[in-house]
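The structure follows.
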Amino acid sequence: MSVVPLLSDAEASAEALAVFDDIRERRGSDYVNNFWRALAHDPDQLRDVWTQVQQVMAAGALDPLVKELIYIAVSTSHGCGYCVHSHTAAAKAKGLTPQMHNELLAVIALASRTNALATALGVPVDHRFDAGATD
Amino acid sequence: MSVVPLLSDAEASAEALAVFDDIRERRGSDYVNNFWRALAHDPDQLRDVWTQVQQVMAAGALDPLVKELIYIAVSTSHGCGYCVHSHTAAAKAKGLTPQMHNELLAVIALASRTNALATALGVPVDHRFDAGATD
Amino acid sequence: MSVVPLLSDAEASAEALAVFDDIRERRGSDYVNNFWRALAHDPDQLRDVWTQVQQVMAAGALDPLVKELIYIAVSTSHGCGYCVHSHTAAAKAKGLTPQMHNELLAVIALASRTNALATALGVPVDHRFDAGATD
Amino acid sequence: MSVVPLLSDAEASAEALAVFDDIRERRGSDYVNNFWRALAHDPDQLRDVWTQVQQVMAAGALDPLVKELIYIAVSTSHGCGYCVHSHTAAAKAKGLTPQMHNELLAVIALASRTNALATALGVPVDHRFDAGATD
Amino acid sequence: MSVVPLLSDAEASAEALAVFDDIRERRGSDYVNNFWRALAHDPDQLRDVWTQVQQVMAAGALDPLVKELIYIAVSTSHGCGYCVHSHTAAAKAKGLTPQMHNELLAVIALASRTNALATALGVPVDHRFDAGATD
Amino acid sequence: MSVVPLLSDAEASAEALAVFDDIRERRGSDYVNNFWRALAHDPDQLRDVWTQVQQVMAAGALDPLVKELIYIAVSTSHGCGYCVHSHTAAAKAKGLTPQMHNELLAVIALASRTNALATALGVPVDHRFDAGATD
């Protein structure tokens, strides 16, 4: 299923094709996954998202694999099946082991459990957690 | 605001108080935060959640700070304000720097953006991301 | 905080006031809670929601307290603090005991945990769960 | 689609297989559904989730069918298609009738509608709903 | 996949069939899409939803295409794949151009990004945004 | 409550202050709302978000008010109270009338209702809604 057709290289605009080529080059792979082929209907958005992915997911104070774990956590919580699949694959390519995957899922599952409890109990935020508190 | 009264030490059952004491001892702090005081109405759930938190959040293939980052990512995506506050505080206690916090938020924000795009475009999962594929 | 002013009886239109009066009469209480006072800016929506609440939450194949439990479960999962507060109060008025509340929260928390796991694992629906299957 | 391969009996570890056997015995069925076969990559999580499901979903102050209804409500709100399918099947096995199913969906739909209205209106929680209020 | 069988015209009750006929007549099309065929198990809900769709989505202070855009935005945020597909199709039938679709997605993506940031930062609502403020 | 302190002009970095000044100038107002003061801890993110807001929310194939309505719809569905408040205020500044607000809320509420029904029924996407279909 798809809301818009996935654009092949032949169907993509020159501007979109340039992004496809950059994806291929940086990844060292001929494959461009479906997300980018769907996004190619808006070359500006395609370029902007791809650029931001390169910047945000690069090594910094957090390493790239940790960033993929965070990405998977967000994608799971939003129920985005596509994103869970694609970023679990990306995490594996960056060194995710089965043991790390198990621990990632355990944290996501625990947080989902306690998030629900905190919301159902309407727990008020402790004064000491408020960064805006002046005392 | 609170859906149930937060139980003081004097109001908590002996079973709940034992968990409060364990929280204090393991954290080396007199303070028991509101989540546990609300959860204390169900001492079994209180004990079980606290035990699971100890096990799941301990060092393993992933380190405790990375686990807190994943926890914050899930809590943000679920819109649990209490959990965002309490686990950002926990992450700081485990070494979260302002630069790491900025990068964490940048990944959460980017994932939220692309999750929305993938869903709005109805992108089908690539065959190569399917672990159940037999070819 | 409020996005629109809460309308007092004096500020509400005649049409909205008629709904307020119906709420008071059916509940046997002088109090009209904030949700209805905010909704009163659109008397048609106010009337329609109030009517639907009366119909849907009435005794049927499921009893009214069970319906309130389902309501709380949905409200918790959507992170609607107001709704969690108001419907937990409604459930208490219909007989919710502390033990039932504990069990409700345990189910919500468990489902939140397994929902996250099923999504993070991308579990495909079993053929036998598909009501559209012809074999 | 699946993020991890579903483990057959032959592929599962001895520890996971023991849980599969327990599932079969308690359900009086040879069938082990996909969720457990995906979760089997982490035998500890598998055992823990299965044990918690047995405890939480058992008869108590709430009956098992009511608990399944709550489970479906949470799963629907989280957009977990797998969970909606599997727990609607479970509810049917516990006596869910078409009329009860209709009423369940009506409550879920109504709550989803009013949750959205309360959030879009930013309705403040009434003082009387606050269990922490001292007056 | 489907939780309930989709009812054909032959399987639908007389009451449900009357709604199907109304859908066909108002749309000037023989086709009744799957949502209505699933909903037909509860003819009252079917009738009520169809009636509400006619009323709410009609031209008013907002035009019908704008209403479809809002519908798609909500459906995307809830992760309802079915609804995204069906309402994007509806929007196209009402004049949605590729450029409008791109802009719609850009706003949804931006809002998803800033929603996450506001939640992760726990930003308090500015006093001036509070309609209930008296000064 | 706030996860990070809101930065005053005196506390903000020169880079962040330049964005504050741009916000003031383009809005013709001295007021910088809390979101930007919280985001100022990461001047790069602050600059990037503000720039994207200017670009995405500008008049195009969709007018600025319509874009605000879409923004409110997303923010409501994500349960972001801050965003609902700030963008309803922004929409009013761009011409939102009470009647338009009522209609916006009616569409959001209806979509929330039918999203829940489609998910709880597991409705399969109609073949004709699939843009990737080749027949």
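All chains are identified by letter, namely A, B, C, D, E and F, in their written order; residue positions are counted from 1 within each chain.
The rule is simple: a residue touches a chain if its C-beta (ideal position, glycine included) is under 8 Å from a C-beta of that chain, and two chains touch if they have at least 3 such contacts.
From a predicted model like this one, the values you see are computed outputs, not experimental measurements.
Listed here as common contacts of chain C and chain F: A, B, D, E. Between the two copies, chain C and chain E, the Cα superposition rotates by 180°, quoted to the nearest 5. We define each chain's centre as the mean of its Cα atoms; on that basis chain A and chain C are separated by 33 Å. The distance from the centre of chain B to the centre of chain D, each centre being the mean of the chain's C-alpha atoms, comes to 20 Å. For the pair chain A and chain E, the distance between C-alpha centroids works out to 26 Å. Residue positions 1-4, 6, 45, 74, 76-81, 84-85, 88, 102, 104-106, 108-117, 119-122, 124-125, 129-132 of chain E are each in touch with at least two other chains.
Against chain A, the residues of chain C that register as touching in their complex are 72, 76-77, 79, 81, 84-85, 104-105, 108-117, 119-122.
For chain E in complex with chain F, the touching residues are 1-4, 6, 31, 33-35, 38-39, 45, 49, 52-53, 56-57, 60-62, 66-67, 69-71, 73-78, 80-83, 85-89, 97, 99-100, 102-104, 106-108, 110-126, 128-130.
Within the complex formed with chain A, the residues of chain E that make contact are 79, 81, 84-85, 88, 98, 101-102, 105-106, 109, 116, 122, 124.
Put simply, chain E touches chain C in their complex at residues 1-6, 125, 129-132. Those residues of chain B that touch chain C in the complex are listed here as 1, 3-4, 41-42, 44-45, 74, 78-80, 125, 131-132.
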